[in-house]
Structures are given as C-alpha cells and as structure tokens.
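Dropping the structure in here first, questions after.
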Amino acid sequence: MFSQPLLAAEFLGTVVFAITGALAATGKRIDIFGVMVLAVVTAVGGGTIRDLTINNGPIFWLEETWYISTALIAGLVTFILARYLRYPRRLLLIFDAAGISLFAIIGAQKAQMADLSPLLVVMMACITAVAGGLIRDVLTNEDPMILGGGDGELYATCTILGAMVFVLGEGYIDPILLSYLAMLVIFLTRLAAIFGNLRLPKFIDAGHRLESHEEARNPSKDSDQ
Amino acid sequence: MFSQPLLAAEFLGTVVFAITGALAATGKRIDIFGVMVLAVVTAVGGGTIRDLTINNGPIFWLEETWYISTALIAGLVTFILARYLRYPRRLLLIFDAAGISLFAIIGAQKAQMADLSPLLVVMMACITAVAGGLIRDVLTNEDPMILGGGDGELYATCTILGAMVFVLGEGYIDPILLSYLAMLVIFLTRLAAIFGNLRLPKFIDAGHRLESHEEARNPSKDSDQ
Amino acid sequence: MFSQPLLAAEFLGTVVFAITGALAATGKRIDIFGVMVLAVVTAVGGGTIRDLTINNGPIFWLEETWYISTALIAGLVTFILARYLRYPRRLLLIFDAAGISLFAIIGAQKAQMADLSPLLVVMMACITAVAGGLIRDVLTNEDPMILGGGDGELYATCTILGAMVFVLGEGYIDPILLSYLAMLVIFLTRLAAIFGNLRLPKFIDAGHRLESHEEARNPSKDSDQ
C-alpha cells in the first residue's frame, strides 16, 4: 500500500490520533460530524501548525489528501464501533505513545530539512506530536494533556527528550538508525510515565504551598468539565 | 454600492457573522471592545484559516480592509442596540444560515482556484463557513456549535452537503447557477435542522450506552458555562 | 548584550510575558513543562499570529532563537521562584502593561513595513500585544482578558489608543519619538485602568437588562474555573 516504511508509520500515527480525537467525544453531547472534526484536527493539527510556522512549502495534507481521508474514515469507524466495543483505555494510551513517537521525529526531520536551529528542531518535533491533541482538548474543554492534565504526565516532555537524542546524535549515528532510536526513547519514557507513574513537579506558588485542599479540589474540576 | 452581487453577498455574510459574534457576549461579562473582537473573529476567522492553509496569495482582509471595518461597525451597532431591542433568536439563526451558505461556497470557489482536490474543496468550504463561529465559541467558552452543541445541529454538515453538490455538479451545470444551487442546498438543509429538528446521531460509547443520566447531566453544562 | 534599545525592550517584553504565562498556572494542576509551554505561547503567540497573517517573511522567532530560549528560561525561573516568593500581583500588572506597550508598537512598526493600511496597522499592534495572553487564557480555561475578564479592563483598548496615536502622528513627529509617545499612551491608560478602575461598558441585552443577579452570578464563574 505504501512505498516506504515511514509512510506506513505516518498512516498508523494518523489513524491512532484520529481515534484518540474521536474518543475525546466520550460522555459529551457531540454528534457524528463533530466526532469526525475532532478526528481530523487531532490527526493533522500538529503538522499543520508546524508547516504554517516553518512556511517552507505547502501544508502536508494539501499535497497528499490521504491524511485527511484516513482521519475521516478512522473517526467514522470509531464513532460506530465505540458504542459496541469496550476498549481498554491503557491500550489506547500505548497506541497514542507510538503516535507521538512517530510524529515527533517526522516533525524533527522536516524542521532539519528547513535548516532550523537545534532548539527549533526540538520545538517543531514537540509541536508536531502534541499540538493536535492540544486543539482536541481545547475544543472538548478538557485540561490540555500537554499542561499535565488528564493522562498527560510527561506527555510532551517525552517528545522533547527524543528530539534531543535525535539532534545530539546527528553525525555520530546512521540517520535512519538515529530516527528509530529517538522514537524508541519517546515511546519508552512515555510508557514509563503511564505505567510507572513518573511525574513532573506541579506548579506551586507561595500562596498555595500550604493549601493541601488544592490537590483535592482540582481533580474534581476534570469531572465537571 | 458593490460592483458584483457576490460582493454584496460577502458584505451581508460578514455583517451577519459579526452580529452572531457580538451576541455571543449575551449574559457574559464582556466589554464593548471584547464584543467587537468577537464580531471580527467570527466574521473573518473562517476565511483567515482557509487562506492561511491554502497559502495562495495574501489573506483576503489584508487586501480589502472593508471586511474588518464592516465587522467592527456591525459589532458596535449590535452592542448598542442589543440593550434596547429584543430580537427573535430564530430570526438570527436564519440570517446565520444564509451566512454559512454564502461563505461555504465562496470558500469552495477559492479552493478550486487553488486547484485543490474535491475533498479539500469541500473541507475548505466547511472551514470558511464554520471556523469563525468555532473560535467565537472557544473564546466565550461555549460548546462549539460545529461539534453539535447549542443550536449547532447539522451546522457544518449542511455546508458539506452543499459543497459536495458544488463539486459534483461541476461541468454539468453553469458555474453561476451551480453556486446558487449549492448555497440553496445549504440554506434549506440548515433551516430543516433548525425548524424540523433534524438531528445527527450523538457519540455513545459502550460504557455510557445505558446511562440515561448522561443526556440529563450534560445540558446543564451549557448553563453553568 | 543587545545592539539596540529596541532589542533590549523586546527582551524585557518577552521576559515579562513569559512570566505572566508561567504564573497563569497558579492554583492549577500544571506541571513544569506545561508552565514552560504557557511561558512560550504567551511570549511569542501574538507576534506569531501577526507574522502568519502578514506573511511577509519568516516568523520572527524562526530567525532569532533567543525569543524562544528567553521565554523558556523565564518560565523555568518563574516555576522555581514562585513557590518561595510572594509577588505583589499589581507589580506584575505594571510589568505586563509595559510589555503590551512595547509589543503593540513593535507590531505597528512591522505592519507599516508591510505597507498595511492604518486600520490594519492598529489591528496588528493589538494582535501582537494581546494574542499571546489570549492563547494563555484559552489554554488555562480562564475568561480571556481581552474580552474584559480577570484584570483585563481596557486591556486591548489601550493598545488600540496607542496604535492610533502612532498612526495619526506619522509625519508630524520624529518616528522614534512618536514610538515612545505611543508606548507611553498605552502604558499610562493601562495603569489608569488598573489603579483608577477605568471601565468599559459591558454587554447587556434587552433580556438581561433588568437581571441584577447577572453581575452577581458571573464573577463566581471566575473562581471555579
């Protein structure tokens, strides 16, 4: 179906993100079209912002329409199956971890092709991987995962780590091998965050430091949003 | 006042969307400037995202300033009149239906000029028509209409249907006539959704399928937002 | 450290906005990475939207990486210090007032270089100054300051006034002097809004005009968000 393994990877990543976008409608009054909108923005949002900011040639899904159609179909199928299948949430998180690993390094490669500085290569890797999910969270009014809400522990941080490996390893390791290595770093650190409960320190200001209520009050926020 | 009927149509669509943007401030603590911001982003937001992604020449309101000034004036007038006039909400929805009909087909035409594929032509028609309202809903923290919230039943779906007519009819019908026909399809299906209570199926997952509370709990969400 | 006073000003503005972005995490479950994301989007968001829409050359932080790195460092330092220092909120508002003054006029200058019309010069000044904070407010689910929420009284309006001075004064006053004068107008009007409690009229529709509950109900909204 695809000429290269990378394309197959992009296809998988697109499907996975579209599914996470569609499932974000869970428990909300969102209709079938809204679900497909969420599937598309989640799947292509990150790459779109990357291509808009780099502004080096047209946006990726303008040239190859299969990104959009794939996301639409994945969203539609998810909409239909979701009412019959119970899916293990953690399985989805594992797929999502694979998705951000792929998209982050694809973003890093595109940034390198545009001759961006290492800092921006890392930043574009992160944007490509997480911006779609960010738009999804804003549209569905959830605490954005990349800010550490929901299951977002270390979410974007993993992509930063992997992109750093990709940038620092350049010249020392074979590029193809380096790409896979960087993806593996993202995938494994993200799994460690999901299953090992790795955590990043949360923002605490002098005023709230002693309020132990804080931690208790905020989680309830998720539920009523 | 305008050289072409299309311009007159764009003018009307801009005014209508600016009004819906301004009225989104109803019942919220939003000041006169905020109302004008909402008027402008609602009126030009969709076309801006379309032009940014197509990236085929400058954004429409950079060349012709009347789009922005029209939206500003419409927003200001709405701000002033809103405290004296009681408007029938359904009248506004009818104007809005006319607005999305116009903007969708204008978007489809611009996408065709950029030689985009049929799928993208339909997508750009939809983005042009509904993205401004989406930004408005995000800023005012409402459930986005295009996800099926508020009065958004079939909202974007109608623009998709009309854009499909526009794409499929190409070559068979005179372009001008086809444009009006496609706009009519959007306008009528949208009216059917508003007055005929046409509905799209809502997202239901296996976990929530039996929870009849669900439907009851969520609507209350709208009010406290 | 910098070759020009303007660069020093941009540096200060970037730091200030990054701090306001980081402090937006106060009382929320946002981790250290999320705080740095908020710092960056708040600091460079406005200029990014300006450069994307003008589309006249690359986005400013693509060429000079120090904008991003400065925002990252400022966000990190804020994250660390915030739990030990109690800062006077009004001091932050004063810094922020300085920030929007600088960014607004920088935006106006870039818009003039792109030969935009006076209306668009004023609009780009406003976007440059406030769009970053708008994204920050959307991500942290606060009422956007530019709509008049939080401490946002006259927030964007001041930048409009200053930009108008900048546009109208062109040709009559020395450009450098005019820039400083326009910045001063923004800074002073904003201070007047903060300390003098200057207010803009809020949106009132015929339906709500007599509901005195309205004012009472909405403020509570801020607290539980």
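As written, the chains take the letters A, B and C, and residue 1 is the first residue of each chain.
The definition used in the following text is that a residue touches a chain if its C-beta (ideal position, glycine included) is under 8 Å from a C-beta of that chain, and two chains touch if they have at least 3 such contacts.
As the structure is a prediction and not an experimental result, all values here were calculated from the model.
Enquirer: For the two copies chain A and chain C, what rotation in degrees overlays their C-alpha atoms? Round to the nearest 5.
Expert: Nearest-5 rotation angle for the superposition: 120 degrees.
Enquirer: Please state whether the interface between chain B and chain C is built from the same residues or different ones, using more than half shared residue numbers as the mark of same.
Expert: At the contact between chain B and chain C, which are copies of one sequence, the residues are largely different (under half shared).
Enquirer: Quick check: how many Å separate the C-alpha centres of chain B and chain C?
Expert: 28
Enquirer: Would you pick out the residues of chain B that each touch at least 2 other chains?
Expert: Residues 52, 55, 138, 141.
Enquirer: Can you name the residues of chain C that touch chain A in the complex?
Expert: 22-23, 25-35, 37-38, 48, 52, 55, 58-59, 62, 65, 68-69, 79, 82-86, 138-141
Enquirer: Spell out the part of chain C that touches chain B in their complex, as residue ranges.
Expert: 52-55, 116-117, 119-120, 123, 134, 138, 141, 143-144, 146-149, 153-154, 156-157, 160, 199-209, 214-215, 218-219, 221
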